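When the chains are written out, they are named A, B and C in that same order, and each has its own residue count from 1.
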Amino acid sequence: MAGYRPSYSRVFLTFARNSLVRDMSFRTNFILQSISTVSWTIMNIGFYLIVFQYTDSIGEDTGWGRDEFFVFLATTWIINSLVQTFFMPNAQQFSELIRSGNLDFALLKPIDTQFVISFPRVDWAALSNLFMGLTLLGYSLFQLTTRETNPLILDWRAVLMYPFYIACGTVIMYSVMITLASTSVWLGRNQTLYNFWFYITNFSRYPMEIYKVGWGMALWVFFTFLIPVLLVVNIPARIMAKPLNTMETHYWQLAGYSIFATLICLTVSRRIFVRALKSYRSASS
Amino acid sequence: MPMALIELNNLQKTYRVYQKKEGLRASIKGLFKRKYKEVQAVRGIDLQVEQGEFVAFLGPNGAGKTTTLKLLSGVIHPTAGSATVMGHIPWRRENDYRRRFALVMGQKNQLWWDLPAQESFRLHQQIYGIEPDTFQHTLDELSDLLGLRELLSQPVRELSLGERMKMELTAALLHSPEVLFLDEPTIGLDVVAQHNIQQFLKYYQEKRKITILLTSHYMKDVAALCKRVVIIADGQIQYDGSLSGIIDETTNRKLVTLQFADPIDKMLLGSLKRFGHIVHHEAPRVKLGVTRDDVPAMLTAILDAYDIDDLIVEEPPLEEVIADVFARVSETSATQSELGLSRSNDTQVGEAE
Amino acid sequence: MTTAVSSSSSLSSRAKTWWTILRISLEERFVYRGDFALGTLMRFLPIITQVFLWGAIFAASGNNAIQGYTANAVVAYYMLTMISRAFSSMPGLCSGIALQVRDGEIKKYLIQPIDLLGFLLITRVAHKLCYYAIAIIPFTLVFYLCRGFFENGWPEATVLVAYGLALTMGFLLGFFIEASLGLVSFWFLEVTSLVFVYNLLNFFLSGHMFPLDLLPEWANQMVRLLPFQYLAYFPAAVFLGRIEQDELWFGLGVEACWLLAFVVLSRVMLNRGIHRYSGFGG
């Protein structure tokens, strides 16, 4: 028995299964949530369709035309839905556990505490956004590859790198989120968590070129190097939406840096998490 | 000297409580500079518990019982002092340690609210790495003992408080812990459920010979289960010994009940007062509180002077004695802090970050 | 004589009741004002991305103006919708009513001589007054820093009056729409999903997401027939001087009609709902 390690993948599958059983017992809620997620994405498409009535691209000579930008948008949704399905409910739950003192139970388990905090709940309804994202991705890639002028030729390297960078982006977002949630040990508030998350990640939703004007450069530096949320969507979207052989040197550099940033984010957030646990006071009842 | 199974040496825990101020300027200031108040929850506890003991922690609210249990479970870190449980330092939270004990809290629940308890149990099986056969066997045994079999597939939110507590106990015992910490396991339960849980704990402890530390407000829990009692008040151990010893050690009073053949009048009551104070009288009986050493002399005198039908000499009730101990502790600490002698730094305000 | 005295005293006692309710809600709100001001300031962060997004859109379009909006005007528009929303959004109103119906707390209003809608309106006014009292600091700061986006400067006095009217009616319209939604809970207990759909539609159709003028003509025509535009678009457009003088008063008139319609609707729903509720003996 000594030295026994629990099987993390099997524990995760049980988490996912339990969440599904739970979601299914509130079926109406599940369906409504899926519907509203889908309508939200449709409204978003509507907004950008309107925008592209007045312009051919977002930013001058950036190459973010309508279909390229829709690849970008699809990437945003894919990463967002992964974060919302797997991490969002747990981060909110984490703040709640700290507030109520129920974090005690997580600390008692003979398994990595960050794991048992980060994964117990899976919000299956939020996965509907993933399908919307994949659909939009498929559609816009079809448009890009079949257009008459200058059709995009899918590079197999891009197809391989895309999911890899999606994963990196998701990990960066996860790190930011768990860091924010950990602060509730010290700050004690949790309702602002979602707002703060929204305000920070809001910067990641647009092509990074738009910030490279005037004082926007400061923002670009801040959200690329200090809190690297700008890399999250931009790197995979750039790799997929535009020909790889035209990718500028600094993009390649950023793509390389992105891997490094992912590791740093994960390490830093883990440190903050561990420190938060040390300061945890365990509220009574 | 061989180490006891659980050993605490001068264990201390101080909380810093952030003093929130109202107002815009104060909260902006609060972002940079915060004022804290220090609260000493546990002020140096020394304790040894041997394998197989069933020990009760008694004490008023906020005395430090729960904090001590949380320190021993490794949920919080101590400010000073040391502790080992089965050779492990709890707050290192090693998996080897965490697989060998369990904590049950009457006021918190760990089972998934919307799912049947058996789903949570299965999760435990995986987290604790319990062999499927062992798991099934343990679960069968526990659910038979606690009468839970039919309830396993019902969502936890539909269970009564007593049933939920039994489920929590089951969850805690699935991995057959060697040490069990119970924090108010019968709080808010009705008498029948309380009794069931007591019976179960007694049976389980005797059979498995595990070590249990229990905190409870119900004297009945304690009287039914524990031979050893530790009274904690004001963050320190006030008494450590047998249950009956509390009375010997902390009170020198006995209760004498006299039943008179003649009617009781004011004069009689007045003359009884020289023997001790009258706790209660209801004709034809009078109950007196008498100093222990005076009892023989008092009995001789009374039997001489009055016509007595019946006579009972008894110890004061446990609840009362313990309440006395608590009251005495809080009184002394109150006077101490008034005089500025208190070891507590309750009012010391420090600034940090 | 006696009737006159009693009616006047009941009026003054009623006024006293309202005043007490208002005061208690005010005090309750003021406790957390620090967090509140900082929270409000953070709300303006998305405006920054809007500045850059629209900057990029205008740079690529090669035009100075889209449907009469310059890049600066779009940003000014977004900032003004923040004000509109500060008036017309009613967080927790609908779900609060639903909760009271479900918990049976609504019975209180059947026994005590307090009108439910009146009570909710007065607490909401208190809530908003507090909000403005604190929020005015971050709002002023942001608007001062961003004054460059308002190319036309302050509008003239009549427009300002109309703007004030539009905001006030926007507040009342928002209140009565959400109150009506909340009262649906007399018939269907679960209204959270309804609120969600409302918020979603509201975000898009009120012009909070983008200026409604950018919609294609047919869609624009349709959206203008709905009451949502008064919750965000209309006041902002008034301030920016995008609405002609005669159209202005007409628009305010239509808004007043919508307001009246929802006042009547919520009143009828409340009466019917209570009737239905007491019918159950609940």
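Methods note: a residue touches a chain if its C-beta (ideal position, glycine included) is under 8 Å from a C-beta of that chain, and two chains touch if they have at least 3 such contacts.
Remember, it's a predicted structure, so these values are computed and weren't measured experimentally.
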Identity of the chain that, by mean CA position, is farthest from chain B: C
Chain with minimal offset from the mean of all protein Cα atoms: A
Whole-Å gap separating chain B and chain C, where each centre is the average of the chain's CA atoms: 54
Distance between the centres, which are taken as Cα means, of chain C and chain A, whole angstrom: 32
Chain A and chain B: spacing of chain centres that average the CA atoms, whole Å: 47
Per-residue multi-chain contacts in chain C, two or more chains: 35
Parts of chain A lying in touch with chain B, wherever the complex brings them together: 1-7, 10-11, 14-15, 18, 21-22, 25-26, 100-105, 107-111, 113, 116, 278, 280-282, 284-285
Chain A contact footprint on chain C (complex, rising order): 35, 39, 42-43, 45-46, 48-49, 52-53, 55-61, 63, 66-67, 190, 193, 196-197, 200, 203-204, 209-210, 214-216
Of all residues in chain A, those that touch chain C in their complex: 28-29, 32, 36, 39-40, 43, 46-47, 50-51, 53-60, 62, 189, 192, 195-196, 199, 202-203, 205-207, 209-211, 213, 216, 219
In the complex, chain B residues that touch chain A: 15, 66, 70, 73-77, 93, 95-96, 98-99, 102-103, 105, 107-110, 112, 114-115, 119-120, 122-123, 126-129, 155
